[in-house]
Structure formats: C-alpha cells, structure tokens
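After this come two complexes, each holding chain A, first together with chain B and then together with chain C.
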Partner chain A sequence: MAVLPGRIGNWLSLPVVAALFALCVAPLLILFAYSFFQVDFVAISREPTFANYAKIAGSETYRNLIARAFGSAMLVVAITAIIGYPVAWFIAKRVTTAKSTLLTLLLVPLYSGDLVRVFAWRVLLGAEGAINRTLMWLGVTTEPLAGLLFSPLATHIALTYNYLPFMVIGLWLAFESLDDAWIEAAADLGAPAVDRFRRVTLPLTVPGLIAGGLMVFVMVAGDYLTPQLLGGASGVTIISAVNDLFGTAFDWPLGSAIAWTMLAILMFCFGAGALAIRRATLVSDGA
Partner chain B sequence: MYRRDLLKTTLAGAALGAFGPASRALAATDILWMTWENLAKDDYLAPFLAANDVSLTKTFIGTDDEQFAKLRAGGANSVDLITPGLDKVEFYTASDLLQPIDFDKVPNASLLYDTFKKTQLGKVNGETYGIPFYWGINPIVYRADLMDEEPDWSVFFEGDKYNGKLAMRDYALEGIMIAAMYLGIPESEMFDLDDAQLAEVKRVLMIQKSKLRTYWNSIGDLTNLFATGEVVCAFSWVPPYYDLRAKGIDMGMAKPKEGVIGWCDTIAVPKGVQGERLDATFKLVDYLLGPEYGKMLALGGPYAQSTSAARDMLSDEEQEKIFIKDLSIMDSFVWKKNPPRYNDWVALWNEVKAS
Partner chain C sequence: MSRLATLWVWLVFGFMYLPIAMILLFSLNASDVMAFPLRGFTTEWYGAILSDGRLGGGFLTTLSVAFPVAILVTVFGAIAALVLTLYPMRGRGLFVAILLMPFLVPRLILAVSQLILFKEVGIDRSLWTVIAGQSIIILPFSTLIIASVLIRIDRQLIDAAADLGASGWSSFRRVVLPLMSNGLLASWVIAFVLSSSEYVMTAFLSGREQPLSVLVASDFRFNLSPSLNALAVLIVLGNIALVVLAESIRRRSGRND
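Our next item is the complex of A and B:
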C-alpha cells in the first residue's frame, strides 16, 4: 500500500483539525472566557474577574457537589472494574467461537436510549416493581422497600449497568493482548495462582483497567439524567446545578466557571491516567 | 440504469428539492413561531392557515429558560413570534429583544380579561411587549384514594403521614413561592425576600426535602409517579388530574387558601420582524386571541385563553374546567413574577437540594 508523503498527509488532515477546533476547542475557549465575566440581571459584564472561581471555592454547596460527582464516578469505576474484570477475562481467554456474539450482547443495552433504561429500572425497583413484589411474595418483607428506588442505591445500580460495557471493552482489549506465555512461565517457575495474578496478569492488564476506568469516570461524572430520574430528592448533581445556572438563573459566567473547574479536574485525571498507562506499558515492555 | 441516467435523476431531484421551499415561500409569507408543542397543534391552526396566505413553521421549546437562552444567543433574527412567560418578558425587554405590540393590528386584544389588561407585567413605559395569551394555575394534585383529606401547602412541611410520598417541581421560583406562602409572607413581600426571610424559607425547604420522594422535571414523569402510587401528592400542573381521572384513578385537585400559583404565557414579537412578516405575525397573534383558537384550546388543552373571545361558546362544565366560570378565582391567584434577587433564589434552591 502506498504511503502518502508527510506533507500531503498534513494538508489532508487540515479540514479535520479545523473542524475539531471550530466545533470543539473554540466553544470551550469561549466558555473559558465567559468564566471570568459577571452577570448583572441579563447583561454580561466583560470586566475580567476571578469572582466566579472564588464563589465556587467559597461555596460549600458547589464544593460538595463537585466532590460528590467525582466520588460517585470513583465508586462506579470500582464496581464496574470488579464486575468487568472476570467478564473480560472470560470473553478474551475462555470463549473461542462466540466471542463477537458475546461482545455484541454486552453492548445491547446501549442500543436503547438513556430514558428507556431509566424507566426500565423504575419498573424493576419501584414500590410495585418486580423486586419488591418478589420480596413480598417470598415473605422477606411485608411492605415495599422504599429505598430501592429514588435513592443513591438506585442511581448507582443504574450507572453501573449503563457504563459497565465501557469498562469491559477496555479490559477485554488488554486481555486479548496479554500473552499467556507470561503466565505459563510464572507457573513453571512455581508461582502460586495468587502471585501469578498479582505480579503478572494484573500489571499487564492495568492499561485496560485505566482506559476503561477513565471512560466510565468521565461519563458518570457528566451524567445528570440518571441521578435526576432515579436519585429522588437527593438526585441533584453538579451538572444539573450548571444547567440551572445557564437556564433558570441566566448566570452563564458562574456556570462556565463550574464547567471549567470540572474540566480541569477531568483533564488532571486524564493526565494522571495517561501517565499511569505509560508507566504500566513500560513495565510490561521491560518484563 | 446507466450512470448518466442516474446523474440526471439525481440532478432533477436536487433541483426540485431546491425550488420546492422557494416556490412555497413565493406563495405565502412564512412565519416562524417558537412555542410549546401543545399550543401549536395542526388542527388548532388549520382555520388560520386556510384563511390567510401564510405558512407557518413551528419550533418547540422545552422550557421558558431555553427559549430565552436561544434568543439571547442570537436566535432572535430567525424567529417571528415567541411565547415567553408573563414574568419572563422583563428578561427579553431588558435585552432589547422585543418590539411593542401594535394593538391596532390585534383587535381581539380588546377582549383581554381585566386582570391581564391591568397587569404591569409584560409592559415597559406603558407599552406592551408580551401580550397575555393563555393562563392557568399550578395546584396541588393528589391521589384522593390514597389520602384522607384535601391537602394544603402544609402537607409539604408538617407531619409525617405522607413522608416519602410527596413530590415537588424542581423549580426555584415556585418552590420558594410555596415556602413563602406556607410561612404567611404576603404577596407584596414575596418577590423581595430579605436575608432573614430567605433563611427562614431555606429552613422550611430543608424540612420539605426530607419528606419528598423526588423533585419532578417533566409532567409526564409526574403522571407516571402518580399512576404507580410512588407519589400520592405533589405540587403539580393540572394535566395529571384530568389524564389519570380519565383512566379511572380517583384524583383530587386542591387550591390552598394561602394562595394558588397562577401562570400566564404571553406572545411576543422579536425586534427584527418587519414588513409583510410583521403583518402576518400580528394576524396570527389576533387569531390566537380569537374565538376559534380559544375554543379548541379550551377543549383540547384544557387551557384558558387570556381573552373572553371563546367564553360564551363553552358550556358551564367546560368553563369550570379551565377556571373561567367564576372569574373572581383569579383574585386568589399569586401570579409569578421575576424576583430581583433571583440568582440568590436559585443558589438557595440548589443548596437545599444538595444538602
């Protein structure tokens, strides 16, 4: 296959780069500029100020909501990693003929819309839902468990369900590229199963764990529909607060400042993740 | 098919596609109305379109705030008619987005109910920028089969009988208005709450939050919650009451004596609309305030127009349904206004929800 000379390739990529800049980077930069403005009723004052960032730092509400978003994201990453790890291992290492079928099945929930999934969970977790009816039929409870729906529990169950495929796919790729000879060599050298996992399998699949974890982390931190529709009175998120500021309050500058604070933290997480993947890859290359 | 034939067919199709809208535009003045979906049903507008050489493009809004954000972000040039809340017109006029209503071109406006003629909302220096269009109330709706007695606002703040079975709209303005009404703050002070009053409002809203099943964002969602029994009582809009009664559920609607939140949406014309489009837009405004549209809105909504144009065409029962049989009911309404410290209200509302 002929390879394009470097200069032609650069020119051909120009429209893509320009589109990315115009549609992705430029709006973010506009948002960044707005985060230093102030609002006076419906007028935006363009005198640069750090007041919005100071307001976020000084507000217990915004600090808590940001911490809650990242705490929730970390929790879902941990749960999806625990569930996804053996699933990915099974698909990559034990399934031979129906691998693509299993992977497709894994993605089936994503083909339905967010709202469909949320309402399906309501049917399952509601007072008259399947779980409560079963528990009452079995005599485990005498009345429906109210805490199953409209609670942080319901939110995290749905978030885990929604984003598990992204974790599994990241891990599956890592397992697919894991050479079994390493594990066999460790076994031949007398390493027990726990050590083989801890010192060979886990380090070699860490890049997949981090890649999947980052995807799940970002999506959970930015998901406000699921907490809003399943979290009940405590379902407020930092994203819904931003939504209120942009819509109801017409405080675009403060909304922009919160958005950029979130973005900065996410970029930091991505940077740390990329660094960790790089180090893990170097370790496995050197192994 | 040969490649040349395919090319001809494609070009012919493209030409038709290009000239189709143009020919329609030559035949009629096209006006674009940004509004709620339930106000622009085809059958509501068919008589107007049949009688006038006008075509209408509709674009639907999900919230009032979304509408303002679109116009504020530069969308005003492409829209001929918008549907802001009466309390929100001030946002648009302060942003210099609207032009005054030319009443000479809207004869049906003379039939506005007195409440709407007298209101200062939607006006600047005596000129009307948002003309009241349709109105209603946001009452308490409840499952009469699951509650012992008709509730009032105190059900959201006192007692524990219905803890975990209540719902409140996720909207700072109305949430704080309800807390203020419960606390007995008079309407004259309600929209100018001082720090002490806001602190008291926050205290009772925290109590309210502990009693709620959820905050609702969509009326369809709330209707589902009523139907499944997850929620037995909510600060609501009217539709779940009628929708679920039609399905055989015993629903109740309470209008607390401390005050009922009244709402009114207006129709307003963006500043850049002029010439034939402006004339056509005012024709549409006049139609929307007239009897044909009013009757269809009353029966199909069911919502009341801001004019009496269709009132005599409705039975007593139909009038009762949209609160126009006894117009004195409007005296007990607390009409929504835009508080000067609204950003503080939104911040307070978020503090309560995040607590």
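Our next item is the complex of A and C:
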C-alpha cells in the first residue's frame, strides 16, 4: 500500500545513501586499499602487495590477539545469554503493565556513555577501590585483592555489564513472539518441565539468542575502551594494536590490514548468524 | 520458579545500577579515598567540577557538537525511517544493510578509516569532522526511534487524506508530519545524549578544540579524583533525565490511536 505513487521513496533515500557512502562505505573501501600498501621509511608506498596480510598470518602475536578477541566475545555472549535469558522471559511473560518501564530501566545505564561506565567500574574494582576497601574494612581480607582491577576479570565484568541489555532485547523479542499455546500443548501431552524447556521453549527462542548474541559478539570484539582502561597488561587487544599502528607506530597499511581481517571475520560471523536465524525460524514455523 | 525469577531480575537490575549508585555515593563522600567506610557528607567535589574553567570550556565544545549532530541525525533518520515504513524504495534490503553498518563496524576501525579518508581528500581534523563521524554512527539509532513511531501510524488516515483530494505533499505535511513529530523530538534528544557521551569517534576526529569526553578521558588516565565522580554523576543524571524525557515523548505518540 504505497502512500505516494511511484518512486518518491527512491529519491527520498538518496541523501541518506549518499551520507552513508561518504562516511562509512567509502572510508572502509579506502581502508581496504591501504591494507595493500606499505610503509617505506616515513612515506607510504602505493605498490600493491600482500605483505601486510602475510605478516599477520605469520605473526604469532597478531594471531593470538585475534583469537583472544573472538574468544572474549564468545565468552561474554555465553555469560550474557545465561544472565539475560530469565530476565527476558520475565519481562515478556510475567510482567504486563510495567513492561516498557522495565525495558527502559534496562537501557538507561547504556546512555551514561562508555567512559563514565568504565570509570565507575574502576572505582568499584580498584586496589584502593570500593570492593577491596570494603572487604578489608569488614575483615574478610587483610590485603587488597590485586587481581580485581587491571585484569581480564575486570574487563569481562565490565564487558558483560556494557552489552547485557542488547542480549536481553534480542531474547525479549523472541519471547514476545513465542506463543504460550505450544508450551501448554506440550504440558497437556505430558512433557515434564525440563523437556518442555529443552524441546519447545529453547528451540523457539533460538533466533533471539542468535540475534542478541551477534550484537554482543560484534560489540565485544570491537570494544576498545573497556580492555584499555580496565585490563592493565591484558588490555592489549587486537583493536588497541590497530590504534597503536595508526598512532605512535605509524604503520597505517598494517593497521588497515588487521582492521580488514577483523571486519572479514565479523562479516563471516554475521552471514553465518543470519543464515542460522533464518533456518531456526523455518524450523519453528514448520513445527 | 516465578519467585526465583523475580529475585534474579532484581539482582540483574541491581548489577546494572550498582556502578552508578557507587559513583553517586562517593561523589558526596568527604574523603579523597573512594572507599568504605564513608567519611561524611560534602558537596565540595561538585563545587570543584563546576568551577573548573577547562571542563566548562569542554562542555561548551560538547554542546556545539551535540546540537548540530542531533539536528542532522534527526533529519536523515526521519528520511530513512520514512523510506523504510511509508514510502517504499527499491533495494530496501541493501539500504538496511548499509544503514546498520556504522552500528556494527567496530568504532575504532570506522574512526581510523574516516581519518584516512579525511586525510586523502585534504580535510583537517576539526569539530566538523567530529560532527560528521558522530552523526553516521548515531543515524541507525535515530532511524529506529522514528521508525518505531511511524509503524504505529494508522495508514487509513493517509488513505483518507488522499481520498479527500490531498496531494502527496499535503498529506505528508498535514497528516504524517504531525503524527511523527513526537518521534522526531525523541530522536533529537537521544541523539544529543549519544553525541555528548561518545568518546572513540570524538577522540580520533577532533583537532585542537577538545570536547568534554576527551578532556575527561585524559584526567581519568592520569588522576583519579573524587571530583571525577561528581562530574560522572552530573553526566549520568543529565543523560538519564533526557532519556526518560525522550521515552515519555515517544510513547505518548502511541496513545493517539
């Protein structure tokens, strides 16, 4: 039911498409071109070469950093899924009037900005920080727990905190479209609670799990600030390596190649995730 | 089962608000050390922040970025949302994919690639490049907000306007625009909040004039003081107030039908 006859939408979309091309597509394409250049002393030589990609493939450091980025991302996806699943269920199925209030409350901390959130965690977890001082004051420990701040633990707590709402939103959408009749039918047919969950609820919410998981995955893998400011020595990530190569190390081509390696992997994950969602939806439609 | 879930939800929401509660508490604590036990009540840290001229200047710079960003993003987001809901276009799937790209590409990667582009075409870093960079990453959010209002518009109203002889333009101006105005307002406020708290894009694309977030980040690396708590609290409270305002505006538009 088109409101206006013909092609007005096509014309209307032009300025937006132009802006997206100028500020997102074109920059990423130039970044791609740079990944085939090379640094020649202080200048950038534009002879195309695969040397940067060869360097990444041959460097154990870079390979490990890339693997660690995606390992962290998977870990945070798993943690947020476990924490978020009951929350999403609760908001979708157990709350009627306060639904949008709860969702808003969940999203509000996101708007405090990355920097403020990281700062708050630093206050909480530091050696002189709230948790340590409190534990010592209560006499639980005599020395501050050194491992709290500037550790992978601190980074992952803050990453979980940062991206949990996205997982909950993805799952919540799946629960909202889940028809309770399926579960009632399974109960009527004598399925115990565990089977009802495993064979009805879980498969029907898989699309939400994947959608939320993809968002969390992409954002954790690309997070710069959190590991940088909370991870200490473990704060060196593949993203911070890109940052260094564009800053002090001045090797833009190698930085570009690493960035595009990350983008390629992320795009692959996204494609796989989208395919999995489509398949999961087909299965549940046929169920 | 249900009671267990209720407890769990309380715990999770507690976790989400714990850091904010902590900085609020320590921003009012009369001690240099951010730890328990609390030493008494003070507003000294707020005084220190509010009288800091450097941060005040940074705040003005932040505002001079956030205002244009919020306007630009709302206009472009409105167009994108209209195209996605009421005025269909060809290649919609591709359009959505490109629209979501700035949200999905890691910010630091987008920032460095914009840096290369600006360098290639000879644009120096300035507040203009910050405005451009921030706008593109906030665009997906504003599109979503405005589209969420547009999909609730009863299309029969638009058909009725057409039946009564309204041209495409006048049905847009007199039917669609009034119905979407709450969405525009909500988008403006949210874009303002996102712009003022954005750090990575801002740090990479700003030149000599540095917005608040960049100044705070350097303070934060080198001297952690309770007055930063006070600043963080002011930022959080300001943002929360604006977000709640935007949400109530956006939701009010649903009650019309």
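Note that the second predicted complex is superposed on the first by the 278 of 287 C-alpha atoms of A that agree within 3 Å, B and C clash if a C-alpha of one lies under 4 Å from a C-alpha of the other, contacts with A are read in each partner's own complex, and residues count from 1 in each chain.
Note that in this section a residue touches a chain if its C-beta (ideal position, glycine included) is under 8 Å from a C-beta of that chain, and two chains touch if they have at least 3 such contacts.
For clarity, every value in this text was computed on a predicted model and none was experimentally measured.
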| item | value |
| --- | --- |
| Joint occupancy of chain A by chain B and chain C, clash or fit | clash |
| Touching partner for A:Val116 - first (chain B), second (chain C), both, neither | second |
| Touching partner for A:Phe41 - first (chain B), second (chain C), both, neither | first |
| Partner chain in contact with A:Ala241 - chain B first, chain C second, else both or neither | first |
| Chain B versus chain C as contact partner of A:Ile30, first or second or both or neither | second |
| Comparison of chain B and chain C by chain A residues contacted | C |
| Contacts of A:Leu229 with chain B and chain C, given as first, second, both or neither | both |
| First (chain B), second (chain C), both or neither touched by A:Val200 | neither |
| First, second, both or neither for A:Cys269, with chain B first and chain C second | neither |
| Stretch of chain B, among 218-226, 308-316 or 326-334, that runs into chain C once the two complexes are superposed | 218-226 |
| On chain A, the residue positions that both chain B and chain C contact, one per complex | 122, 126, 128, 229, 246 |
| Residue numbers on chain A that touch chain C, as the complex places them | 1-5, 7-10, 12-13, 15-17, 19-21, 23-28, 30-31, 34, 83-84, 86-87, 89-91, 94, 100, 104-109, 111-117, 119-124, 126, 128-130, 132-134, 137, 161, 164-165, 218, 221-225, 229, 239, 242-243, 246, 252, 255-256, 259, 262-263, 266, 270 |
| In the complex with chain A, residue positions of chain B that touch it | 63, 65-66, 68-69, 72, 91, 94-95, 164, 170-173, 209-210, 212-215, 217, 221, 224, 228-230, 342-343, 346-347, 349-351, 353-354 |
| Partner chain A, residues of chain C touching it in the complex | 2, 5-6, 8-9, 12-13, 15-20, 22-23, 26, 33-37, 76, 79-80, 82-83, 86-90, 95, 98-99, 101-102, 104-110, 112-117, 120, 132-133, 135-136, 139, 155, 158-159, 162, 168, 171-172, 176, 190, 193-194, 196-200, 213, 216-217, 220-221, 224, 228-229, 232, 235-236, 239-240, 242-244, 247, 251 |
| Complex interface listing, chain A residues touching chain B | 39, 41-43, 59, 61, 64-65, 68, 122, 126-128, 146, 149-150, 228-229, 231-236, 241, 244-251 |
